[in-house]
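Multiple structures are listed underneath, in structure tokens.
Common to both upcoming complexes is chain A, partnered first by chain B, then by chain C.
Up next is the complex of A and B:
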């Protein structure tokens, strides 16, 4: 039976099972869930970023006051998390494209962990740079 | 028939290709964005520095391209997530139309915002 909003039965259950409760799942499910969550958070950040940049057009002084918060340890930590999300999402996206087009799906587990390790290492290096810049 | 079906199923969809191409393009643009806006400047720019930065036609063009590609990629991803809900065909069409309108409005807002920021230099 179709629900009024057009979601077929089982749709929400699929989302909860695959997204919110990914425990006891394979590495590929973890890669999928992390890719989707990082994507959603980055999509939200796109609108937050546009909102913050609006301050420059409307009230440049307010933007400069906001920089005080952005340059605080909390603001810089937020930037580090943002870099981790971007790195994981970007590298995992490249991994998916490679696995799909080259067909090397059998190595996906090693590739996924390589993506995680590279993301963490580059994020750690970026964190050092960010905190030394400000 | 089975072979034909397998071939069809293994072919990436138009949306998947769009997501992949925009994703690769986004990585290149993002690297340039981070280099020009943060590494070259060694930290966060204040309002005056951003206005002076966007005055460069190359940076301005890059930022406009960035807004268009990132919006396309983000909303195509949101569409794929919503489609995981096993929607009916009619609802899928509605979702696509709503996200297309949202995407056009977002890109237009980003474009207008970039122009307004650039005009601060003249003002």
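Up next is the complex of A and C:
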């Protein structure tokens, strides 16, 4: 294998241009970036969730205190964000499966915005239910 | 003829001399026919003979003058400066490939995975019933891909290094299967390998920037469908790596 000459562009700025701030890229890169970050946040949440459940076995009183925090407006807002992340990540996955299997990638921008709108609408409806729940 | 002054902000990098890289600014007069490649040539002749960039044919046939122009991969030879609609034109080398100097990148990695056995000719879209001249069995033409590297520069998977065959190679594999079947060893197995179709993040940027309507993203999705179909057929004891596929 030939070793390339030259120095590969790299570093945080390079990765950020493609993975965090997709300058001058199409909506589908935005879809990819949002999918990646929603996935990362959901993976972090999974471990936090498992850690909190472990509290039941270790310190039931601490778990009760956590439930108080979870029912606070801040905790409920966290639930709303969680619903948005799950909806976007899941629906975008279905969008990619559809584009792959059906081959209609020429419609991918419209499909992405449909995913965004559906995610926001369902999240808004969920937020109303969560904050009005007695 | 309308003349306009346009600022060109050019990426400069010369190992040992301009390192770390910087941007140099040149202000030059352009008219309504000036392309970005023309402008680079004016700058090199009139302002800085040390400016280095790749180019050859000047008519979007060779694919050597692909740069990032105002953040998007384009061919310099067919990008009209005034049609960019910007007072400043930023020209940078392609991403995803090692930089050699200024706007020049090393295309070795890009070309490496193209097999010399793959065919570069295909049936022409000429009317199928058109008569061919004596001695010509059928009209053929070159495949669309210019091998300019714009697709790999726009690909987010390529941003992490040489982990991906890349959109152009995968598109070529799909076209080769279209024309000549799977071959031995199976092209589909190569495409579905660890550097293949599953590295694609489905951002479809390759198709958005391709100057030659290759539609690499569509070809990668087609490869995925071929692979899934093959797996399902194998599951039920049908098909195999050597099955011939439909010509498209």
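Observations
Here, the second predicted complex is superposed on the first by the 119 of 134 C-alpha atoms of A that agree within 3 Å, B and C clash if a C-alpha of one lies under 4 Å from a C-alpha of the other, contacts with A are read in each partner's own complex, and residues count from 1 in each chain.
In this section, a residue touches a chain if its C-beta (ideal position, glycine included) is under 8 Å from a C-beta of that chain, and two chains touch if they have at least 3 such contacts.
What you see is a predicted model, and the numbers here were worked out from it, not measured in a lab.
In the superposition on chain A, contact is made by A:42 with chain B only, not with chain C.
Legend: residue contacts after superposition of the two complexes on their common chain; A:60 is shown touching chain B, with no touch to chain C. In the superposition on chain A, A:71 contacts chain B only, with no contact to chain C. The partner of chain A that touches more of its residues, comparing chain B with chain C, is B.
Once chain A of one complex is fitted onto chain A of the other, the partner contacts of A:100 extend to both chain B and chain C.
When both complexes are aligned on chain A by C-alpha atoms, chain A residues 2, 5-10, 14-15, 18, 36, 96, 100 touch chain B in the first and chain C in the second.
Chain A meets chain B in the complex at residues 2, 5-12, 14-15, 18, 36, 39-40, 42-43, 46-47, 50, 53-57, 60-61, 63-64, 67, 70-71, 86, 90, 93-94, 96-97, 100, 133-134.
In the complex of the two chains, the chain B residues touching chain A come out as 12, 16, 20, 23-24, 26-27, 30, 38, 42-44, 46-48, 50-51, 70-71, 74-75, 77-78, 81, 84-88, 90-91, 94, 106, 109-110, 113, 116-117, 120.
Note for the complex: chain C touches chain A at residues 15, 70-72, 93, 95-101, 105-106, 108-109, 112, 154, 156, 159-161, 201-205, 207-208, 217-218, 221-222, 224-225, 228.
Those residues of chain A that touch chain C in the complex are listed here as 1-2, 4-10, 14-15, 17-19, 22-26, 28-29, 31-32, 36, 96, 99-101, 103, 105-106, 108.
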